Structures are given as structure tokens and as C-alpha cells.
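Lettered A, B and C in written order, each chain numbered from 1.
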Amino acid sequence: MAYRRVTRRRLFILAGLALALVFSMALDVSVGPAGLTLPEVVRAIVMPASVPDQMAVVLWQIRMPVAAMAVVVGAALSVAGAQMQTILNNPLASPFTLGISAAASFGAALVLAFGVAIVPVALDYVVPLNAFIMAMLASLLIHGLTMRRGVSVQTVVLLGIALVFSFNAALALVQYLASAEALAAVIFWTMGSLGKASWPKVALVCALLVLILPIFARRAWALTAMRLGDDRAASFGINVARLRLETLLLVSLLAAIPVAFVGTIGFVGLVGPHIARLLIGEDQRFFLPASALSGALLLSASSVAGKMLLPGAILPIGIVTSLVGIPFFFSLILSNAKRPW
Amino acid sequence: MIRILARLWLAVMLPWLQPTLAAGAAEPITVTDAAGRQVEVQQPVERVILGEGRQLYILAALDRENPFARIAGWRNDLKEADPETWHAYLEKFPGAAAIPSFSGLEQSLIDIETAVAQKPQLVFLNLETKRATEEARYVETLAALGIATVYVDFRHDPERNTEATIRNMGRLLGREERAEALIAFRAEEIQRVTDRLAAAKPAPPRVFIDRAAGFYEDCCHSFGSGNFGALVEQAGGMNIAKGLIPGTFGQINPEQVLVADPDQVIVTSGDWRAYSPAGKWVPVGPGADQGAVQDRLAYYPTRPAYSGTNAQKAGAFHAIWHQFYNSPYQFIAMQQLAKWFHPQLFADLDPDETFRQLHRRFLPIDYRPGYFATLGGGN
Amino acid sequence: MVSLELRDIGVRLGRANVLSGLSAGPFQAAEMVAVIGPNAAGKSTLLRRIAGLLAGSGQVLAEGRMAYMPQQSAVGAALSVYEAVLLARKQGRESWRVDDRDMLAVDSALDALDLAGLASRSIGALSGGQMQMVGLAQALAREPDILLLDEPTSALDLHRSHEVLALLRRWCRERGLIVLAALHDLNQVLRYCDKALVIAEGSLVAQGAVSQVLTPDLLRKVYRVQARLEPCSQGIGHLIIDGAL
């Protein structure tokens, strides 16, 4: 049965992606300036009490949170991008293009430059909280405008782009008014960094994925049908407007929280889904896990590459994801001329 | 008829000719500025524009009685970066508040309209603005109006340029004696460090500079080979970030810090309540509250990046006023750093006292200690 | 028991009454009904109203599962023909499992429409006519009792369109379906359909057996053409259009 064969092949591809991810994580945890050997790494992970304190700190407090963060953030951003592209029927949709990342940057800049906290909480989390609130405001704005009747998918996308420009302009204004130190801090934030990773943050993003993925899973068939066009999807009995709204809201959460924690990491939300699509097609039962795995793999590999390119220093991860993702993306596009879109 | 007309003409024109004649009497001065240009400046210089407010640090030593007498306009970076010092000056010279000011970063252009409207004879620009200024052709525009432009520098290449800058400013403002005194004082104080280091050649401790601590959420921002990085090296320390950070500013992997095992950690910080209310900054600066400083500094040994390092074991954490990175009084910071790195060698060196001397002998405001701190108290 | 009845159906879009006071049926199993009328008469709107995609006044009384096939639009997605049809079948289900029954339904729909050879082709690479057939397969794979089809043969060539209509009539009879199809070729209507609903300017002009409804008078009034209805040598009625009025 041809279809069973196709299904089996897809499961292999998923397994392959998962394996590659595990390998990348292992690499991420083993590579670093501390010069630990593989047996030392393994021992520090499995029996932390048996290794010197410093080694345990390097593994558990520095390397592993970063490796784990790369995986969960990469997965979250990629899934967000995948569903955005699905419900907006637009190959360029991503957390970037709807203005969510730009809004988050603006929120962070407000704190870094002026100490303006939207919610006056004197926590360690003031910057991420601000970033998150602005990101959610942006998405609620899109949400609200989308609810008006007669708003087409193209309008939503254009709205998102308008928000990107608006928030970028506001960000530029903040940068202009900021002091030299604040400016440097803002710029570093907008370049993204996994260095801010910590176990609580990893847990939060993980919890987010665990909560949201099953919701998407239950709507797998409906979401796939969205790719056939509004008419066709509606003809299947799908409440297209409602599905679009719900998905937008969930996707905003999925994008806003990681961005709030690690800054703007571009490209993963755009390229991850495309890689998944090229490998495995758009049946959401495969596309969803493949997007998550591709995004996680992309970010994890970037983390490793960043450490190897400039050992000792920290290269802003956004730069690395572009360097890693773009050539790969180009080669995929050019090798498959008859691809959809 | 013609003779009557000529005398009439002369009588009418004489008042106008007088100032020109008088001005012609004072010789214009030619200086070589920090950009290597030969600049001719008409004397006397009564009105200047400070392209950077912090040029006041030197100007106040030269025009001690009233540092603001000649300032026709300035950039407001002093007010933003060093508000405590600004308030100290403002208290003594309330008229300073009325001086027209403009904004902008180190490398950005001055507000030329304000500058021109104030009719100065001279504009002091710091070297960082050179590229932008040339592109905008401000020098030519100002020259056409008879306003001279002189580049100064006490930050970009302090070793080479600070003395020349002070000397130039002294000549241009007719304060050569004071300028020479300031130069001599600075050179002396620097030599107290460099001479002794050259003679004893002590082993440099490994130092990590925690840059702008409390401004960033993540670790570990530092300096490369410039700025504070260079200061540390001059003071007889070894900056562990030197080979790792390509430029002057950057970020190192916390693992790298751990591996490099610094002997001492220098935290550069300030009171950043306004910028980063939740940040872990250490409020060093003029008039700092030592109790608060110690409280905040106590957080730093707990950072994972310092876990198990020599610095953590010895509790060797120091805090220093971040704005020193931008100040001609950097040589005082160098003294303090040298004292931290080689306490026995510099047991008799008292940077606080040096700073106090600087204020007493040259500056119109009082010295307020609090620029440095060591974890556990004592400098 | 499969049945479909429309009572006083109306649809408002904005200010305009696109459909009003439309009552038809009840239609029983194994009936093939054509929905005909000039452009913008409201045929698509009627079908969408019956399918539940549009809200409006009146009642749609339907017994049995409905499947609606909208008019064609170009689609580009990384899905194969097989997946697209399977997708239609699995709508409304949450479970990811695809069992043998599902695959059987998909296979038979594809076979019936002679699409089996295209099963692994990406739908973005199909021609308009092929895509239309896939749309039909999607409707059939749901194994519905009531089929609502909006211009199912508009992009198909002569061979295909007759094949499809013959298939629809066969399934209609064999499986006891009700088929409501908007068609523009009146001769196909005459040949394959039992009843006709004639819609013009949003209201029902005539309904009943095809041969009784399609008279030259009606054609003149509704379509504004001069036409004759004459039986061919096989005895089946044919419309000969002499010209526009």
C-alpha cells in the first residue's frame, strides 16, 4: 500500500530529525572553553556529586540550560511560524512578520533605556515581562482587528507588517534617546542570546509547549485543511474565522514568551517550518512534530556553531541562526523547483 | 572737495575700524590638534562651544574661578552620564543651567545651529566625532563664519593625546601655567604607578572586568584591549578577556571566565536606578553610600561564572565607577587598580588622596569619595 | 431515510437580499437535482446556505450526512492528491489514526474518478480540471448521503464531464444519494438529472421534473435566449439555442 509506505518513510524522517537533535544537544553540552572530555561530561551529568564543583557548575548551570533552552525555544518559534504560515496561507509568515518580535524588542528597550516597567514588579524578570506584555499587546491588536468582518488574510499579513514597522520605529526612537550604555544593552538584547538561559525559563517554555502542542494536535485535520483555502476548509464544516483566531492567540503565546526570554532570534520561525515542509509535507500529523524538531535542531546547531566559531566569546545567536539557516534554506529551495508556493 | 569727503568718510568709518585695529593687535595662535591638524585661532577666546560636555572636566581646572564663563553652549552628556558631578557644579555655579545644550552620542554631530547662533570663536570637538563632522563638512561651515574647530581627545588614545589636549586648551584659553601644572600633576601620578611597576616587574594577577554590571541580565560582558582593558594592563594586571573580545566591548562565555580562573574581579558600575531598576548594579560614584555598595557587591561572588575561581575563594571583588571609562581623570582609576593588583607594592599609594588633591589644587568643587569599593570594606 | 427539504430560504449579504423566499423539495434518495439559472442568480449562495456555510432565514431540513464541493480555486500546498482526499474524509475527527476503512474510501473515490494514477502527485502541480476532479473525490470520500456540488464540471473537457456526471448518476442510484448540482450546460441537465430548480435574481422561478421545467418559454424569460426543445434520434430531449434575444 503506497500510502502506508509514505507514512512509514515519514516516521523515519521524524526519527532521523529526532536523532540529529539528540546528537546536536550532546555536542552542545560537550563543547565549551572548559575543555572537558566526553567521559567527564557524562559523569558530570549522571553523577554530579562525583565530579569537582566547578565541573558540575559548568555542566548544570552553564551548558545544560543553554542547550535545553536552544531546543525548547527553537521548537516553540518553529511551531509558531508553522501555524502562522498555515492559517495565513503565507510562506513568509513568522513571529517576525506579525510584529511580535518587534513589539517584544520595544518592550525590552523601554526597560533598558528608561527603566519604564509596564507592570511595576521589582523582580529579576522585569525585562522579559515587559517584552512579553508588549508582544501580547501587538498580537491582541491583530486579533482584535481580525475579528472585524470582511478582513481577509492579506489584510492580517499587511497589518502585521505595519506593526513591524511601527514598533521598529518606536525602538529606533528609544535607541536615539538612550544613553551609550543603555544603547549597547538594547542592541545586545535585539541580537538575541541564549546566555540568558536558566532552568526556570527552560521549564516555562517547556510547559508552554506541553500545553499548546496537544491543542494543535487535536485540530490537526482542520489545520491541514486550512491550506486548501478558506472556501474548501469551510466546505468541510470548519469554522475558519474561529480557528484562525484561536490559532493566532496560541501562536502569539508560543512566540512571545521565548522572545521575551532570549531576545529576537530571527529566522528560526521562518525557516524551521519550511525545512519541515520540504522534508515531510503539510499533513499536520507530521508537519507539526517535524517543525518542532527542525526548529530545535536549527537553534541547537547554531548554538554549537557559535561556540566553535568564536570560542570563549559569545556570538549573538541571531547572527548564527542566519549563517546556519540561510545556505541550507537556499540549497533546499533551489534543489526542488516544483515545490508548492 | 575730495579731501572733505575723505575726512568725512574716515570719521564715519573710524568707529568700525577700531575693533578691527584692536583685534589685529592680538596674535592668532596656531595649535596642532588631536587630529594632527594645524589650526589657527584668533585671540582672545571668549566664547567656546564644548562638543562634549565632559570636556568640562579639564576646562574647570583651567578656568577654575568660573568654569562656565566661556562656555557658550555644550552637549548634555555630562548631565546624563555624571549627574552627581553636574549637580555639584550646578550648586556652585547656578548660572550653568542656562547654558544652551544639545544632545547626541559620542560619535554624533553637534547641533551646528545652536553652535553658530552663540557666536563662539572656537569649537572643541572630541576625536570620535571626526568622521561624522567631516562628512557633514562642519569644519568648513564654521570656518566660513570665522569659528575655529579644534579636535581634542582624552579617551580614544589617552596615553598619546591627553597631555597635548590639556596643553592646547591651556594655550588657547590663555591658561598655560595651569595647564602645565595639571599636566605635571597627572604625569607624576601616573609615573608613581608605571615607574614602580617597571622596576619591580611583579607578576600580573589575572583580572576579569565585569562591564556595566547590573545593566545586562546575562553574564559576562567585558572589555577587550581598549578602554578599561587597557587601564588594567597599564596598572599591572592581566585582562583575561583581551584575546577573546575583538573590539573594545563584548561578551564572553561564562564558562570561559570560569576556566580562566581570575584572581580578581573588577565590577564597573554606578547608580543605575533610573535605567535598570531591578538590575544588580553597585552604586559607586561621588558620595556613594558604602553600606549600600557593600550589600550590592556581595551578590557578585555568587555568580556561576565565578564559581570555584581564585577570586571567589579570596573574596577579591572590587567595584569601580563605570564613568571612569570616559573621563580624563582615568589616571586616578589606574592608581586604584594598581593598588588592588599589587597591594604590597603600592601600600603607600592612596588614590582617594590623589583625587582629593586634584580637586583641592585644580577644581572648584569638593571631592566626595565613593568611586571605589572592595568587598569586605577598605580600599 | 435520506431527505432534503428547503423552507422559505433567504440569505442577506450586507443590504441586499441575495436569496429570498425559496422553498423546494422534499427531495428523496436517488434523486439528482440540477440547480440552474443565469450568472449571479444565487446558485452558489443557495448551495452554501444548504451546506451551512452561510446563515440566513428559513429552514433546511436534511436527513443524512452532507458533503459540499465549492467552486474551484487554485491551491498550492505540500500535499499529495491522496492526502488531500484523505484529509476531506478525516474532517471533524480528532484522532490521528488512519485505518483501513479510511484508505478504502479514499481509494474507491480516486478509482471512480480515474485519479488513481495521480495519487502521489502534489496538488500544486495539477491542472484546473484535475483539481476539480480531486475536489469531487474529496466530496465522495466522505461517503455522504447528500452531495452539494457547485459547478463540478466547469473545468472538465467533454470526455471527463460526461464521465463525471455519469458516475454521479450511478452513485446516486446505487447508493441512494441526493445530489444537488449547480450546472450550466443545460443539455447535460437534460441527460443526467431528474429534477431542476431554476433560480433567477435570488428567487425560485420553477422547480420540477427537468423535461417539464426546461421549456422554451422559461428559457426566453430566464436566460433571454431563443431556444427549441427537440428530441434526438434516441428520444432524449435536446436544447437548440437559436440566439440571444
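Everything that follows uses one rule, which is that a residue touches a chain if its C-beta (ideal position, glycine included) is under 8 Å from a C-beta of that chain, and two chains touch if they have at least 3 such contacts.
What you see is a predicted model; the values in this text were computed from it and never measured.
Peer 1: Using C-alpha centres only, name the chain that sits farthest from chain C.
Peer 2: B
Peer 1: Name the chain with the Cα centroid closest to the overall protein Cα centroid.
Peer 2: So the chain sitting closest to the middle is A.
Peer 1: Using the average of all C-alpha atoms in each chain as its centre, how far is it in Å between chain A and chain B?
Peer 2: Computed from C-alpha means, the inter-chain centre distance equals 43 Å.
Peer 1: Quick check: how many Å separate the C-alpha centres of chain B and chain C?
Peer 2: Here chain B and chain C have centroids separated by 83 Å.
Peer 1: Name, in rising order, each residue of chain B that touches chain A in their complex.
Peer 2: Spelled out, the residues of chain B in touch with chain A are 80-81, 105-106, 212, 215-219, 221, 243-246, 249-256, 258-259, 273-278, 304-305, 307-308, 322.
Peer 1: Would you tell me which residues of chain A are touching chain C in their complex?
Peer 2: Residues of chain A touching chain C: 1-3, 6-7, 217-222, 224-225, 227-229, 231-232, 234-238, 277-278, 281-283, 285, 338-341.
Peer 1: Which part of chain A faces chain B closely enough to touch in the complex?
Peer 2: Touching chain B: residues 32-35, 52-54, 57-58, 61-63, 111-115, 117, 122-124, 126-127, 179-185, 188, 193, 195-196, 307, 310-314 of chain A.
Peer 1: Hey, which residues of chain C end up touching chain A in the complex?
Peer 2: 51-53, 68-71, 73, 75-80, 82-84, 86-88, 90-94, 96, 98, 103, 119-120, 122-125, 135, 138
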